[in-house]
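Okay, handing you the structure first.
In order of appearance the chains are A, B, C, D and E, and numbering begins at 1 in each one.
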Amino acid sequence: MTEVKSAEVPAPPAAVPDELTPGHSRWHGLRPYAPLAALVVAAIVPYSTLNLPGVFEGPLNSPGTLQLLAICLVFGGLAAGYDLLFGRTGMLSFGHALYFAAGVYGTDILVTRAGLPLWQAALLTITGGTILAALLGAVALRTVGIAFAMVTLAFAQVGAILVARNFGGWTGGEEGLPLDVSGLPSALVGVVNTVNLYWLALAYLALVVFVVHRVSGSPTGRVLAGLRDDERRVGVLGLDPYRFKLVAFTLSGGLAAAGGAVYCLIVGGASPHITSSELTLSLLVMVVLGGPGTRWGPVLGGILYMYLDHRLTAFGSSDAVNSLPAFLSHPLSQPLFVLGTVFILAVYFFPGGLASLRSRLHPLLSALPSRRP
Amino acid sequence: ATACGSPQETASGGGDAAPVKVGLVYSQSGPLASYGKQYIEGFKAGLDYATKGTGKVGDRKIELTEVDDAGDPAKAVSAAKDLIGKGTKIIAGSTASGVALQVAPIAAQNKVLFISGPAATDAVTGANKYTFRSGRQSYQDVVTAKSFIGDAAGKKVVVFAQDGAFGDANEAAVKAVIGGAGATVSSVRAPASATEFTPFASQIKAAKPDLLFVAWAGTTAPAMWQTLDQQGVLASTTVVTGLDIRASWPTFGAAGSKISFLSHYFDGASDTEAAKALKAKVGTVDLFHPDGFAAAQMVVRAAQEGGDDVDKMVKALEGWQFDSVKGQMSIRAEDHALLQPMYQAKLAGSGTEFTATAQKTLTGDETAPPVTQMKG
Amino acid sequence: MLATRGLTWRIGEVSIVDGVYLDLAPGEFLGVIGPNGAGKTSLFNLITGLRRPTEGKVLLDGEDVTALPPHRRARLGLGRTFQASSVFGSLTVRENVRLAVQAHRGGSMKLWRRAAADREVAAAADAALDRVGLAHRGTALAGTLAHGEKRKLEIALLLAGDPRVMLLDEPMAGVSAEDVPELVSVIKSLTGDSGRSVLMVEHHMDVILELADRIAVMHHGALLACDTPDTVMANATVQEAYLGEAL
Amino acid sequence: MSEPVLSVEDLSVRIAGLHILQGVSFEVAPTGVTVLLGRNGVGKTTTLRAIVGLTPRNGEVRGTVRMGARSLLARPTHRLVRDGLGYVPEDRCVFAGLTVAENLRLAERRGTTPAYDKVYSLFPELDRRGRQRAGSLSGGQQQMLAIGRVLLNDNRLLLVDEPTKGLAPKVVTEVAEVLERVAESVPVLLVEQNLAVVRRLARDAVVLSAGQVAWTGNAQDLLLETALTRSLLGVGSEVKA
Amino acid sequence: MSTVVLLALTGLGLGALYFLVASGLSLVFGLADVLNFAHGLFLGVGAYATWWAADNLPGAGADGFGFVVAVAFGVLAGALVAVLVELVLIRPLYSRTIEQVLVTVGLSLAGVALLQATWGADPRPFPRPAWTREVTSVLGANVPNAGLLLIIAAVLVLGGLLAFLQFTRYGLIIRAGVENREMVTALGIDVRKAFTLVFAIGGAAAALAGALGGVYFGNVSPGQGGSLLIFAFIVVVIGGMGSVVGSAYAAVAVGLLQQFVNYYGTSGLGDLCVVGLLAVVLLLRPQGLAGKVATA
């Protein structure tokens, strides 16, 4: 009995999709409204002048903070969309950056180079990104496991090469392509309007969470959950795993493209960073950091990751770090060092991701004499 | 202290004695960290020089906020928005071209002054009314390169550049400058990620150019030079390229002495007052110190003449001529190109000890890029 | 109903399944026995399409289905269970069966409908759970079920698809002795009425003897015999393969 | 009877949720062959693998297994083997890509002299075919190799899983003879389906049924009682022999 | 003609570099089942350690025997780091593939940043013997000696690895372990030691690639390993995970393809072709050229 290496990537530490499980908690009655409440709170954040020194550079309603939050929200949505693939269907793609980049560059090129109005550009881009995902998915899904990861990686690499080559002068190569804002609605332009970008990002996040939630709770979502647990079994039940995986892949790609369009507006342009395989790897990290297959885990993971990614540069150059002895301050002033170390620690200390934190803390909390109602 | 406020209010700078807020967004970490380091050293020396050591313009102190963009445009944009939101009217920095190009529109949208740093892309020139540059641009490199072949008519020129915008810009500039002077220009392009250059060297050699213009940045440069040398390209024609920071000099190795360098700056290229002041501060001057230095001079000028009114600042800078590290600089009013001297240089030495010597200095007018249409 | 014609599966030089001819009549219950590693599960994999045979054909109602993927065969009425329970561990028991019902009825490709709202699916699923006696466990996660319950759930999944040919791979494996009779009666109830054909691999001889109309014996990938229980039990080759000959 | 060399108490094994062994207890005598019997799929192999610590990752083992005073469970397989627990797996598991000599060399242990003489005198074939790839050996030869591999070292107990499975009658006899000689010096726990082999080798017998021990006692007694054999072992145990 | 020779030999040189990076990656994946994204870090460690040793280690230098000492030091450092990584970070996570991927990704980020924190982001000129900058004339083509050095090194490493696998006891254990890990333990062998060993070998091979890559590129920079890693992954996957010989074939194919397409096609096409080759190979033969047949 030769041990045969399975090409199947082990499913991520499966978490139960909330949508298909019964609620146990006494919150049960209120739970459906919790997301809505969260959305409302997030929507009125820009009206608060609350200052959180150390957490943000300025008060909550300052453009810098809103911009940072907007980026975090987009990545929260992006991670949630990627989780539709990874956490909910069990497909490990290393090429998700491609569809995000297609969204960013597509919008940017159509607006800046072709001079289309924003809504047309965004619509075309999202459609195009979705079709691209469908086509490439149709090919890549002929393989499974590590091979699938590698084929998707290869496709994304082609995208990165095309962008870097400045093909036809469209992408701006390594310099990127600033977005031409002259044709944009004025409400999206200028620092004073950062808040609108924030709301846009929030809307995107809400959309993704809603779509993912809706799809997970749909008959198709049931099949996707089944695919994650046991693909063979789904086939034997009379459903074509390929079709369903393709749907998940396409949908997830389309959501990423939409995220790209939003991101393009927030950052005001496109740069080749976002085509790299590192972006996909960070999506993976976000999802695992947050908790794959859970509704809020990937969102939190994405937000936290981007927050750290942006804020660690400030941490690295802060006085607190600079005053440390050199052997500490040098590495700590490298944001990537801190980020990398955080992952490693997270893998060891939060195996189920942030989403599992609640259940892990639960015994602790209930052991304390409860003061909360 | 929770309070409510409008999401669209931004702090206003102001008051006569309030400090002048200047935001510096540049690479403190990431691949261009050492360019950024030179820039900031140069900036501080320049600020000292321009304010005569007071750090003040009139009664107003110049308050610097430094932010690391790690070479990532997204981070730079966030930082710029944050600074603008806090009432900063002057932003400078931009080590990478990609960052400069994305911050420039932000400056225009919000009507703040932006002075781009070492980023060499031509696209910053004429980007918009609020954007200036304190460094040189690719086009000036190419004009300097042209000076190596004298009369270009009938000559055969090959551009060897990496794929991407940097390569495109250089190729276009060579076609315009040298091709425009009557030379036939062709190009050999290679992926920026290439690690093996023999095919490209063979193609160049087969083209038998009179002048080879190389535009290559990045860590693979030494391998590229070595291959060109080994395949006999350097020996068979005049090869011109830009001289990078000192740390890279030893990596040219034996090829170094066979190349004609155009140079933006190197220690000892000029002997101006400003250069002495800079050298006194930083020791050995390097490629991007002058950019920071000039940026500081421009900032002081803008604050002096413009107060808190950005439009006045722009007016004050447009057409301004000043003496900086490289000699006389002038800011062309039409497109904010920074006309400045450029140098021809030779590299000599071995091991880790290399010295550059200036062969010729081209004046700001000689290397002036054509006027571009101001875009916004 | 179901037939294989010279079904062969080789990996490299080794024949895992070796020229198997089988015929399953409508309503027939065929037991398959053979030592561990004889190729029983592999044979099932070939029949259900999880593996492509190197040679030979699979016929369903006389139609050649050898080239069809598993889900197409399932739609033609071929259902199976797995040796190691393969239920959807992260879904509840009820969701497991609903998925199977939904797969059978079509309408799985609906991204925007609320799955939980489909009453017909829910009712059919509950009926299937009732039949195997798992109704009370509906809300438990399938991954947390006791083994015997998982076996029952497997059968419920099979039932939900209402197959005409059922392939059962060791349904009793790992079931504690006291639960075996119950499971046997469940299986019996499936087959008694409906004219379904069954192919069942099982190591428990008494179960096989109780249920099977005929018994097939596999050894080294090949079919040694396929006949009535009595004949098979008396067959010398079978005894040799199963018990070895005397020294 | 002296101390048993191995004692198994209340051994339970679950694999992927399958409750395969449900409280198995038996002992292995310090000399001779103890045979573990039971129908196909009853858990004999699982028992042996649990003893040497090779239960798959998704498995779970409970109970106690002792060799002498030492508890075996929870100790890594390679330590158990170095302490003298030899294991010949069911499907032989020779390394197909390695030559016969390499397969043997792999089993050598630092600090002891491998008993090549003993192995080659038992299986002259292995000596002759030293440079052949093990994957190309016949089933019987592979079985010899699998046994020979273990005999290179001194063992306190051998676990042998169905050594005659799938072998031609002549080879079955050969293997049985070898085991008989081996058993003179080392106690053996043998899983065997071939009752003729059992009759020839075994002194004690343990019969598993439905994941539990159904019978222990003298092997020859068991084989004499046709009805008992039939009820415990299933299929036609009224062998002609 | 001489162009073809030149392209072929330099292509082989490139392939040799890929092979040096890929061989360790492939072995680690084949035996220990770890998809090691931190392999680029081992490369960087090797390069920087060699660079450091040439200036600072007594007896080591940029030329002659001193250079050999410096490279040996680099290789040792790479192996050491790899062993540490295996013992501290990977071992607790065996059989948890996704977590391993995350840890190695985190490690590659943190490790490269650490190199940068210590030695700066700028490329450092690499100490190398003068003859490696020269060329040898082969059939009219000026073939760079550094490329030839890579080819020789790769052939030696390939030969060495095969000999090691073939003739040593540990090689035997590794070969057997790739076939059937469990049975190796059942013969009283601690397979985990073999895992540590392949990590050491992988780290050493990567470090050698880093050192020789330094010679070839003329400098070292923190990100160098990462950029080579993507091609190394492609080579490993094309060649079939776990097969050293497969990696060698794939590395040669990739190197030559890149080189010839870059010359005869347009720029950048070489990279696209390689990626295309990967996709085609995987779609037709998911286990790679020499890989084991996979189940599932």
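Here is the rule we go by: a residue touches a chain if its C-beta (ideal position, glycine included) is under 8 Å from a C-beta of that chain, and two chains touch if they have at least 3 such contacts.
This structure is a prediction, so every number in the text was calculated from the model and none was measured.
Q: What's the fewest number of moves from chain C to chain E, given that each move must go to a chain touching the current one?
A: Between chain C and chain E, the shortest chain-hopping route counts 2.
Q: Count the C-beta contact pairs for B-E and for A-B, then tell me which is higher.
A: When A-B is set beside B-E, the one with more contacts is A-B.
Q: Distance-wise, how many Å sit between the C-alpha centres of chain A and chain B, to the nearest whole number?
A: Roughly 35 Å, centre to centre.
Q: Between chain D and chain E, what distance separates the C-alpha centroids? Give it in angstrom.
A: Chain centres of chain D and chain E, defined by C-alpha means, are spaced 43 Å apart.
Q: How many Å are there between the centre of chain A and the centre of chain D, using C-alpha atoms for each centre?
A: From the centre of chain A to the centre of chain D is 54 Å.
Q: How many angstrom lie between the centres of chain A and chain C, each centre taken as the mean Cα position?
A: Once rounded, the distance between the two centres reads 41 Å.
Q: Residues of chain A touching 2+ other chains?
A: 1-2, 161, 165, 333-336
Q: For chain E, give me the residues that contact two or more of the other chains.
A: 116, 179-180, 182, 267-268, 271, 293
Q: Could you pull out the residues of chain B that touch at least 2 other chains?
A: Correct list: 29, 163, 191, 193.
Q: Enumerate the contact residues on chain D facing chain C in the complex.
A: 14-20, 22, 39-42, 45, 90-91, 164-166, 169, 172-173, 176, 193-197, 199-200, 209-212, 234-237, 239-241
Q: Would you mind writing out the residues of chain D in touch with chain E in their complex?
A: It is residues 52, 54, 57, 76-78, 81-82, 87, 89, 93, 95-98, 102, 105-109, 149, 153 of chain D that touch chain E.
Q: Can you list the residues on chain B that touch chain A in the complex?
A: For chain B paired with chain A, touching residues are 1-11, 28-29, 66-70, 72-75, 77-79, 81-86, 97-98, 101-102, 104-106, 109-110, 121, 123, 163-168, 191-193, 376.
Q: Under the stated contact criterion, what part of chain A meets chain C in this complex?
A: The contact residues of chain A facing chain C are 1, 14-17, 20-22, 214-215, 217-223, 225-226, 228-230, 232-241, 243-244, 247, 251, 293.
Q: Using the touch rule from the top, collect the residues of chain E that touch chain A in their complex.
A: 33, 35, 37, 89, 92-93, 96-99, 101-103, 105-114, 116-118, 179-182, 230, 233-234, 237, 241-242, 267-268, 271-272, 275-276, 278-279, 282-283, 286-287, 292-296
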